[in-house]
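All chains are identified by letter, namely A, B and C, in their written order; residue positions are counted from 1 within each chain.
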Amino acid sequence: MDAERRLAELGIDLPPVAAPVASYVPVVVSGSLAFVAGQVPLSEGKLLWSGKLGAELDVPAGAQAARRCGLQALAALRSELGSLDRIRRVVRVGVFVASAEGFIDQPKVANGASDLFAEVFGEPGRHARAAVGVAELPLGAPVEVEVTVEIES
Amino acid sequence: MDAERRLAELGIDLPPVAAPVASYVPVVVSGSLAFVAGQVPLSEGKLLWSGKLGAELDVPAGAQAARRCGLQALAALRSELGSLDRIRRVVRVGVFVASAEGFIDQPKVANGASDLFAEVFGEPGRHARAAVGVAELPLGAPVEVEVTVEIES
Amino acid sequence: MDAERRLAELGIDLPPVAAPVASYVPVVVSGSLAFVAGQVPLSEGKLLWSGKLGAELDVPAGAQAARRCGLQALAALRSELGSLDRIRRVVRVGVFVASAEGFIDQPKVANGASDLFAEVFGEPGRHARAAVGVAELPLGAPVEVEVTVEIES
């Protein structure tokens, strides 16, 4: 995989690895799978966006927040694996969208993360996905993204 | 496994594979696991049921919707694997139920999918499951079902 | 791993295995992963806590409920595997917290389960985690916990 080169070509700088808010770790590797903890969009411990889709946030802002979560997941993976080039493919992405009554565009929000993975990894970046609308998220985040990837053994 | 024969005996025709609503894929195979993207009950791109459990939909309708999601997951797996007979067992099923205030029968709704897998696969169709009640689902769907199966290597 | 001895030192008695409320099984082993079904805090088929965080329950009660779910997951794993010493590490924990409007302390609730796994397994008990706030949970439970562990092959 050529993800690191692609990232450079796209001019994407990964954010620092967000410290887990609690007693867990950012990434666990088990066999050929790496599980990344759920990411909310943070910078220096503060939310970059807050509120619910369909109320405080519109779809473009939600998609940007989801993309930021995706970038943080990549940062966590690079930190754990040494290089994103060890990733063979993105396997599964779970996207939880804090949703006000009647908001049903979770897929458009989730695309913020999905499109990022397609940009960085190409075809192997395409993944199985579940996107759902939840009542509330940690700290008041609008979106939380959980990622599982396959790595070279 | 004899799932294809069993499906025929049960007189079940699988629906066409639902095209992902966005930039992801219906199934990802990684090692001996196949991850199916979250399914909402669709026919020709339109929801077959919509609304929330405990409001617009009752439990039997919700269970039917979950069964339909299960059928779509099987259709996606057959399309990816060539035959359901390559499935060794159903591993995990996640069921998200759009729930109005006070609706707490998510397990009865989820049984619509779980019972289908038991019918088609027998004992290896029994799986670990998480069923939860969410605020909103894509397009206004009442239920979304995510499936992981083990396949022959 | 020394989890059984550690459990004894901590004076922790595991609860009986909660029978699945429906047509699924408590644990599925696939390769080196064991998937535990979502647990709600039950004793003899009755909820030990009910209601939502931010309304009927406060954070300490929610964390206790999450810990109870974690204990039930360990009980299910011991029953399936014969001994917790066959567990090499905790891989992923999903925590669903029934959340009233405005409740954003899902991580503190989820720590009830996460801290338990760290106590029992030490460093290998630390895991990737997703904690989200959902609208409703089965039976009116305040929390549901889903666990994936890696086992000796």
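Everything below uses one rule, namely that contacts are C-beta pairs under 8 Å (C-beta built on N, C-alpha and C of every residue); 3 or more make two chains touch, one makes a residue touch a chain.
On a predicted model such as this, the values are computed, not experimentally measured, just so you know.
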Quiz item: Can we say the copies subunit A and subunit C touch using the same residue numbers, with more than half in common, or are the two sides different?
Solution: different
Practice problem: Can you grab the rotation angle between subunit B and subunit C? Superpose on CA, round to the nearest 5°. | Solution: 120
Quiz prompt | Whole-Å gap between the CA centroids of subunit A and subunit C | solution = 24
Practice problem: Any chance you could list the residues of subunit A touching two or more other chains? | Solution: 31, 134-135
Self-check item: In the complex with subunit B, residue positions of subunit C that touch it
Solution: 20-28, 30-31, 35-38, 94, 96, 98, 134-140, 144, 146
Quiz prompt | For the subunit A and subunit B complex, residues of the former touching the latter | solution = 31-33, 89-93, 99, 101-108, 110-111, 114-115, 118, 126-135, 148, 150
